[in-house]
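Chains here go by letter, A, B and C, matching the order in which they are written, and residues are numbered from 1 within each.
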């Protein structure tokens, strides 16, 4: 697959949230405002990039320096190794966020350390980066990260607009607009994503017909 | 504000339900809630792992990572109290490794003592590692029951209670969801919404119902 | 057995490398994080005691004890701040202190400014990790309209007014986040009840103060 196609697949065809149903927890929790969505998307993309790169390099290193047999036995601990790599990058994100973006760090709360169990990251490390060379792995990470961020933003758009009457923190509607509080509460998240999934399925079915 | 045991239980199961209010544990929630038996099995497995993981991570945080008089560096190695290393930044790595190892051991143990249970739970067990509810409750315990590295009053008991109750709450909504989805198989749902979309809408409705608990006064 | 040992060693080495890298980054970001905390405290003080040109911390020596009650060392902790209208200590305008209470999912820390009669001038939430969209809304500081939680509703309140509506008091709690609202309100009340006698200020709850 060409590199451009690699990148684009993460955005629509294999969108991690809407297609692969990965990374649902942070998606629902953090999509209360577009700025939170962008922040979380950026943090996750950073970890994705780091982990896909390291995993691809580590596998490359081990295939070069180990024999067939050595590789087979190292294979047994590959998941824990991936986890250490991912957890390290998440810790780096935690520290950088507390140091340079404290407000964002506070609004994202426990979901920053929870990036480590975001199935997208381990999923791509195991499913792609461990089997592909460095450059495609990097592009895959960027594509998946972008897809994740866009999915977050799409949900956040509806929730922030309807739930607090704001867009990126700026009040849009006049005083008469009563925001639908439910949208920024947990039920709103479930309903919006259920709606989006249903619409996407419908669009796919129409495409298939034509 | 101190937490009573009963207060914590009601908090973790209903008011702050880990799935419907805190958004933790969603992947297994969506994936395993199609049938009642697998829901019950997954729920019990998660509750078990959550409790043990919270126990172990609490001990590690209190005695190794936090730079206080409780640290082994002070108690056992007699490092001067001002020089005890602050290893709290290793929290994420240590916790997730503990959880991953725990799940591995539990998987091997179940395989040995009950092959039938192992077959039933099968693929779900490794999935528990990435269940954000487990790491989530472990991190939550630290955020809620420690201040400046030192455990607050009743910190350990509170941790165990919260973890166990969180697991119960998770199991509860999993069973509820499975019950609903089993019935839904027979209903006439519009094609685009079958499967995952309707599951989310139901979760949304359940979440509204659980919102009703948020007014509860548990003092 | 030999194989397991070898794999464990490899995993341990990788973990140690990761820990070392993280320790370095921690070393670099820690001072920045401390700076952020200091800046945050100063910013909060400026908000709760805006007319104060001079702020003087009043410390107390807090003994750090071990499990048996033996004192290991003493630490200086700020008990409260005195605010003066001029750059000297001639005109005392008020006091500021930090209150902390356990919320939903974190300890919520609030900076409170009071005037010399013990009534609240202003509060500022300085740290919280409550649920995004629910308890996290406690930081809202819009003009108080009587219906929606705002930190501004604390202005002018005395210690006797510090109860949330669900407990029969005048403080409007956050919709769907009673626990956070209660934690903040009660933590301020508790801190005030120990501080007012110390500052020799009489209140409805404690009229006879010498």
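Everything below uses one rule, namely that a contact is a pair of C-beta atoms (placed from the backbone, for glycine too) under 8 Å apart; a residue touches a chain by one contact, two chains touch by 3 or more.
This is a predicted model, so every value here is computed, not measured.
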| item | value |
| --- | --- |
| Pair joined by more contacting C-beta pairs (A-B or A-C) | A-B |
| Distance-maximising chain from chain C - centres being C-alpha averages | A |
| Most centrally placed chain, judged by C-alpha centres | B |
| Where chain B and chain C are represented by their mean Cα positions, the distance between them in whole Å | 28 |
| Centroid spacing, where centroids are CA-atom means, of chain A and chain B in whole angstrom | 21 |
| Approximate Å spacing (C-alpha centroids) for the pair chain A, chain C | 33 |
| Two or more partner chains touched - positions in chain B | 21-22, 89-90, 93, 97, 140, 143, 211 |
| Multi-chain contact sites of chain C, meaning residues that touch two or more partners | 15, 18, 22, 26, 105-106, 129, 131, 176 |
| Chain A residues counted as touching two or more neighbouring chains | 29, 80, 84, 87-88, 91, 95, 110, 185-186 |
| Residues of chain B that touch chain A when the two form their complex | 20-27, 30-31, 89-93, 96-97, 100-101, 129-132, 134-136, 139-140, 143, 190-194, 196-201, 203-205, 207-208, 211 |
| Residues of chain C that touch chain B when the two form their complex | 15, 18-19, 22-23, 26, 64-67, 72-73, 100-102, 104-107, 129, 131, 166-167, 176-179, 182-183, 186-187 |
| Of all residues in chain A, those that touch chain B in their complex | 21-22, 24-26, 28-29, 79-80, 83-84, 87-88, 90-91, 94-95, 110, 113-114, 116-119, 122, 182, 185-191, 193-195, 197-199, 201-202, 205 |
| Touch list for chain B against partner chain C, complex | 1-3, 11, 15-16, 21-22, 69-70, 81-82, 89-90, 93, 97, 140, 143-144, 147, 152, 211, 214-215, 217 |
| Residues of chain A that touch chain C when the two form their complex | 29-30, 32, 36, 73-74, 76-77, 80-81, 84-85, 87-88, 91-92, 95-96, 98-100, 102, 106-110, 163, 181, 184-186 |
